[in-house]
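Listed next: structures, encoded as structure tokens.
Two complexes, one shared chain (chain A), two partners (chain B, chain C).
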Partner chain A sequence: MPVSKKIIKITQAIFPALLMVAGALLSGAVLIVIAGNDPIAAYKALLEGAFSNSYRISETFVKAIPLMLMAQGISIAFKNQIWNIGAGGQFTIGTILSVVVCLYFKLPPIPTIILSFIFAFIGGALWGGLAGWLKARFNANEVITTLMLDYIATFLLAYLVYGPMMDPNGFGYPQSAVIEKVLRLPKLIVGGRLHAGLFVAIAILLLMILFWRSTLGFKIELAGQGNDVSRYAGINNKKIIIVAMLLSGGLSGIAGWNEIHGIHFRLMTDLAGSYGSIAIVIALLGNLNPLGIAISAYFFSVLIVGGNTMQNLTGIPYSLVDIIQGLIVVFVITRTAFKAESIQSFFRKRRYQHNG
Partner chain B sequence: MDNIFTATFFVSIFASTIRLATPILLTALGEIYTQRSGILNLGLEGTMTMSAMAGFVCAYFSKSLFIGFLGGIVIGMICSAFMAFLSVTIRANQVIAGTALTILGIGFSSFIYRIIFGIQKLPPQVESLTKFDVPLLSRIPYIGTIFFQHNLIVYLAYILAIINWVVLEKTTFGLNVKAVGEHPRAADSKGISVTKIRYTAVIIGGAFAGLSGAFMSIAYMNSFSDTMIAGRGFIAVAVVVFARWNPLRAMAGSLLFGIASALQIRFQAIGVPIPNQFLLMLPYLVTIIALITVSKKAEFPSAYTKPYSRMER
Partner chain C sequence: MKKIVKVLFVLLVLSLLVATTVSAADEKLKVALILPGQADDMSFNQAMYDAMMQVADEYADKIEVTVVEKVYEVADIEPALMDFASQNYDIIFGHGFQFQEPLIAVAEMFPETAFCLGTGYLTLPNTAVYDVELDTGGYLMGVLAALMSETGKIGVVGGADVSEIFRGHEGYKYGAKSVNPDIVIEEVYTGDWNDSAGAKEAAISMYDDGVDIIWHSGDGIGLGVLEAAKEKGKFALGNVADQHSLAPDNVLSGVVYQWAPIIKNIIDDVISGAFFKTDPLFYWINIPNDGLTYASYYELSDKVPAEVQAQVEQTFKDLKDKKIVMPDFEAAK
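Now for the complex of A and B:
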């Protein structure tokens, strides 16, 4: 494809997303005015909060890494029309297994880090894959099962940090012991938290671009477009659902690994926070495209990092960031509903789908 | 440790089970209509938070709890009308629409609350709904304390469970809702407006979620916080599936979640070394198991989460 055409194609892909973001920010501005504040000052404070010094800039990347990984994972399930809304739970299982490997497997540093990575991936994969299997085997609605498994993972984490994994020297705080210093990912800048997990994220991003060009990626996408199409193509839809959910959960597990080795170094209650739902918004705004997801993950982490400063400087509540997120989702679904063919009929329900 | 399991202990556990089950039951009762009509409203968490805020604000400024409940219900209906618009009219994916509604609901309620009240050292409060001892019955030993010493909304929730069962099973409206959820095309050809019934069912769901949200801020507590719903909206969705779309079974499901959290709160308060997280986990596990059994029997409304269009075949 000639370069000029490619540029046009990329612009066509990005323009609607930009428009939706602008729309959401504009609606946010209206709300700020209604609240009696100056929207320009507010957004200026938000940008200052995200970019005014190297620590803050590094924070925008720190937040973007797990969000991007989870959103990439979610995109695998969503392209298969499997609505995995429990990425937070898959992330949590990843954090738990990472810490377990680091604290209890008495191995040399490098094997520990690698094993921790593998365990986190497998843990997240199994947590997601369980929902996929329940869907394939029993036709159990994945929306409900991933949601339930999300809660179960949260309680499991709480049990561990209040019980068997509680730090004996932690004065009874609900947290585990910290992992050894050698197991932590090296910092990339002085005076910031940005760590080598960034390279893992970039590697996964590249892998995802390749993945969607692979046979498996193609099968997952095709199976998501309707059972009959893929059936004629000889694809075992049930198997694909399980595989898609395994990979989807696995990437969230890696996000968990990344947060343990790069940021928290220990288990605490509710490590996942609202990452699960933010990652859904990111995946959708990114049009389920790997690069789009990376960009929108960065955009959202700017909002998150800057939002707190905005609240402190201008008194405009941080919840404005949530509202902007919600509005973006509304714009995305409204647009796709009006232009169903735009992204591989992403939102069209499978006609022969058996719900359950 | 041995003597904590006394009669008083059980009486207070059961009484708080009933109280804790109330908001879940109310929301689940409304969601049963919604889901029976074929719409999965995952935005209940946001709807409830909005209504908790609205209920609190209305009660705070009008000094009337009745106005508070009314405000909660109206806001609940508005939120769910938006959900109905997205899922019925725009025919958007319901899971995503619900996610949007949850994020928006929590965001807006916390934004509006902060704008109205600003940051205060002591959170503003209202006189919450007092309990109403049912004459005579409340004086029966044990039974009275467990069942008949609650506030009016608690009694209302359990009465509504029965009323809703009658409406769904014995009235034309209930039949229409189910028809639209099972086979929208057939219902349409019989002259039932799929759009109208679905809008109605989703908005009824919103009214229940709204009452439930207001219950949280002005009857269960006496103040508002944007985290006060704490997953109850999602739990209600689980209860609906657990109950297989039956209001009476929803009562049982809500009580199961209620007793788990009642025991958890109590165990934590007296420091019993029982890992109460497993207790909290139990209802979610049971829901998954229930889901497996229902899915096999295909008891899901056939048109579940499927938008309807006359154009499509």
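Now for the complex of A and C:
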């Protein structure tokens, strides 16, 4: 009985997400038909683009690692009803501090990698925590502060690579020197880019599953239910907001560490790209559940990798992927709105009954 | 009967052989161009895109071109290069210095494939760098600006103080001073190629300061300078692509990059095998090799006195014939 109950529970959890993805793919197909193309051929090209050889399969994981880490971070803030939309900035601070540790600390390899990891986490955490503190102390809207801090991080990175951190032997190109070979994460397959950061991602995933069962995770979730609820439960709301934002930013910082040690090996402008916004969609599609986020991160990276290859080799524009992403956002928002609506109407009904 | 069959069989085999050799000779080089931005950006990407399309037409019997645009994310560059390399493309162009590390990494795995990097400094036996020698172009713009200035003040706005941009700026100053030794030249590096807002601010303060013509040496920042010129009703000089249509009343002329001759050189060298050599291989565009030209004045032609037009044309010819010698700016830095 408990097993079958569990299965029902899991299906109930996954079903809406599957429905949304199916809805997005179907509406996408309609748009492709309207544009005068064959949707089956397009989707086939997309899947081939993601899975037709070992390099591409490895790429789907390469992309999923930072996206999943950032989305896990975002989910901590979102469960607390704090809308951290600056994961890209927290990621950027993580990349900067990782490279700083690797280039300037001059320590032996193992301590360097560990310290780089800690610094990236703390840097991302402080960048997110600052927005949390502003929220707790001054009730500053976190949507605005995290977004602004995102810009500051981007410009800080640009300043560093055009200025003090520019590679002295790099002929003036806006990039830092590369980190030493021993500091790079070992590759897991020959010829591909998949690296040992995958294990870090898996470890974080397991930690996140445990985290939501811990007292702190529970407090964060409870505090997100509203001020009255948490005050009733004796939770210091302001402290929880700061802690949630620290952890939220810290995970994006780790994603930055991961990209430096596994992929880029140096700083360049705009390393975060559009990861910050995609990670939000991933967190919401995954229903803020650690496993759900892992699955939807992988789904999105399949879309991205497949979409890029599809565009390169068949000429079907990458915009198809943008459209599918956009449609998923629409469906996710619809679901959130619908949920809120149904909760409200539920309470309204109760009140009517009470009034009699 | 048997004999006839034999003869027929031999004929068949022969014809098959001929057919295969003919098709082998017919095989075109597969060329891929990966652009980091939009192909119609009126700047860095468009100059390369237009040139590649022109070469695709002229070399229609030799090459087959595929273009991918908007590869914005640095993390997506390596997979894009891998896509083409693993599909047996013969020449792959990565247009931008951010392609350098991934291009070298992929080139190591595909030593038979030719890779071309749009600005950079690392090379392998199967890779080359193509880049611009901007000092001649800058010199020409300096001459034009100095001749057109009524206030005796001209300006130049650049992105980053990178070697090529720096040489362009120095050429500009050198050219302007060759016409008018007393000219005042204001110079700003915004520090960022895409900071068009910063470039616009810089240009506006220059115009307010009495500067009446500005040349820009950048991509994104160029649009800011042209905006400022439009707002202030002053002249600006473009760079990279013919930017006339962006501000028809203000863009007097500009340096135009012509990548086509270099692309043809690269393709010829790949076919002849000269491309694959161990020495670092660089392809430069400059005025002497037709890689740099200047944009037409269009309807602003009547605003440019005939003797100025003649002098600019003469300067262009002299630069082309290498009659004008400039000092080594880099050494003097």
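Just so we're on the same page, the second predicted complex is superposed on the first by the 336 of 356 C-alpha atoms of A that agree within 3 Å, B and C clash if a C-alpha of one lies under 4 Å from a C-alpha of the other, contacts with A are read in each partner's own complex, and residues count from 1 in each chain.
We take it that a residue touches a chain if its C-beta (ideal position, glycine included) is under 8 Å from a C-beta of that chain, and two chains touch if they have at least 3 such contacts.
Since we're looking at a predicted model, the values are computed, not measured.
Overlap between chain B and chain C is detected when the two structures are superposed via chain A.
Touch criterion not met for A:Phe15: it reaches neither chain B nor chain C. Once chain A of one complex is fitted onto chain A of the other, the partner contacts of A:Met268 are limited to chain C, with no touch recorded for chain B. Once the two complexes are overlaid on the shared chain, A:Asn141 sits against chain B while remaining clear of chain C.
By the touch criterion defined above, A:Phe199 lies against neither chain B nor chain C after alignment on the C-alpha atoms of chain A. When the shared chain is aligned, chain B and chain C each come close enough to touch A:Ala158. When the two complexes are overlaid on their common chain A, residue A:Ile280 makes contact with chain B while staying clear of chain C.
Once the two complexes are overlaid on the shared chain, A:Asp322 sits against chain B while remaining clear of chain C.
In the superposed pair of complexes, A:Trp83 makes contact with chain B only, with no contact to chain C. Put simply, more of the residues of chain A are touched by B, taking chain B and chain C as the two choices. In the superposed pair of complexes, A:Gly172 makes contact with chain C only, with no contact to chain B.
Stretch 182-190 is the one of chain C that runs into chain B, the other listed stretches 110-118, 182-190, 254-262 or 308-316 having no clashing C-alpha atoms.
Counting contacts as defined above, chain A residues 158-159, 162-163, 315 meet chain B in one complex and chain C in the other. Taken together, the chain A residues at the contact with chain B in this complex read 31, 35-36, 83, 85, 134, 138-141, 143-145, 147-149, 151-152, 155-156, 158-159, 162-163, 277, 280-281, 284, 315, 317, 319-323, 325-327, 329-330, 332-334, 336-338, 347, 349, 351, 353, 355-356. Against chain A, in their complex, chain C makes its touches with residues 32, 66, 68, 70-76, 78-80, 82-84, 86-87, 97-98, 100-101, 109, 119-121, 160-163, 166, 191-193. Within the complex formed with chain C, the chain A residues making contact are 53, 55-56, 59, 62-63, 158-159, 162-163, 170-175, 178, 191, 193, 259, 263-266, 268-271, 273-274, 304-305, 308-309, 311-313, 315, 318.
By the touch criterion given at the top, residues 40, 42, 86, 90-93, 95-97, 99-108, 110-111, 114-115, 118, 226, 231, 234, 237-238, 241, 275, 277-278, 280-281, 284-285, 287-288, 291-292, 294-296, 298, 300, 302, 304-307, 312 of chain B touch chain A in their complex.
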